[in-house]
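Structure first, commentary second.
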């Protein structure tokens, strides 16, 4: 029950992050709805397609209602939400952290293996945002050094590792969420990045 | 039988709209084929994957033959088709209208629920074009205020609503197609748009 | 057994081509991993989703280990690999040739028809690269006149055609691979292109 509510909250948070693309570009309401839905359910949709299980929102369409409600809310209040600034990014960070663990957990529940579970966690947490940026023609999170995909990676990875080590899944989930949130929070508040690749030779045309 | 012919016609119309991207950029024949196929079958492919049913063109490969035939035709006659101007846009509008209803109808036939059916109608009608524009690096229809995705939405929505109200499915289908065509036609001939979001606060970096 | 090793090699070669995007842009290690995995397994993933069979790397996660190993290797040695220049492009060409035939063969093995098999060969060989370029915001191979998608097309097409004519599948596979490699090699060494479409009328706004 609590998990279910958290799940809707996760979709809602990502839908907010999606519809902000539409508000910044000054698009129409249908674009709000499009980007809210694409970002809100994109990652989970990819996960379910790859796992070969029914896509979650075709089974329970309340997820779509959440995206619709967020779009309507954002159409009227996006300028207030934008003004919040960091709270929006923290909400997005919570979504990222929660989904990295929930994606990995869903993959493990259908009998997949370790690396697949980690990858599914990362995909669930980040694919919606990457899709949104690609369609909108903006550089996606993967092209920036800021911790983002890596935070999802750490969350999904630590959940899977702790589960395999025999820890209770609630403890493993909590640890994964806290780690992902800590890393992403560091990126938001302190600009944490990973070291980037430095070319040690002049670039040649390929 | 009539429905089947309409279905091939829909793929053909979208394939024309796809191959025009290749002709405008002065690409080679394989690019004609690629964009014709991507645009012609992209929306229906997404719909079938999400619904978990066999992808339509893996069952009946005549859809691929349609895309091939359109590519060959366009390779020789794209400049004549381009010269038509508005007729091309009207053909595309017919495809959009027909597919919004057919996508929703297919979703309802496999037992999905209301919102899912509407979403499938919109996806079938618009995803091929969005995919084409994203791969070609052009701004997609979703980024423009012109009625496009919204016309598909109105078509799929009214079809689903009328069906639920107990209307005969043929009447519901006709009403949905006419409404979508009317809205998209208004966008083509009169430049109809939806109101866009106006920011009421200075933009802040997120 | 040999086939299996060739399959891992194909994923590895594409993963190298993917991680080079990350090294050229000076991104972090997670981006190396992301682009290596997206490019390495993207084409085969699309093929399996469209065919409705379990996605290959969810069944055998050694494919993911290959992508991980390539990413680590490239993180340390990308500048040496870049310096090789043409050998990288030839390795990519080998991947393209091998996958065009293997994609078509997998499609035929699950009972699909001729055109579908050819399309699956092309998709397996080229989709990973197209996805990589689209996410990275670069013009993809399909937008260039150079033989690339067309080489995959020739490889998959000749494999399917020879199989239907009753040739032994190993001979058909060899012929398809050699043909694709010959065409792609010609593009690399001699700049072979297909003729492009020349507009014969002034462009009109659509």
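Each chain gets a letter, A, B and C, in the order it is written, and its residues are counted from 1.
Here, contacts are C-beta pairs under 8 Å (C-beta built on N, C-alpha and C of every residue); 3 or more make two chains touch, one makes a residue touch a chain.
To keep track of the chains, here are their UniProt names: A, B, C = Membrane protein.
Model, not experiment: these values are computed from the prediction.
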Contact graph of the chains (line, ring, star, complete, other): complete
Field rot_deg for pair chain A/chain B, CA superposition, rounded to the nearest 5 degrees, holds 120
Whole-angstrom distance, CA centroid of chain B to CA centroid of chain C, is 28
Residues in chain B with touches to at least two other chains are numbered 49, 134, 137
As the complex stands, chain C meets chain B at residues 49-52, 112-116, 119, 130, 134, 137, 139-140, 142-143, 145, 149-150, 153, 193-201, 203-206
Residue set of chain B touching chain C in the complex reads 20, 22-32, 34-35, 37, 45, 49, 54-55, 57-58, 61, 64-65, 68, 75, 78-80, 82-83, 85, 88-89, 134-137
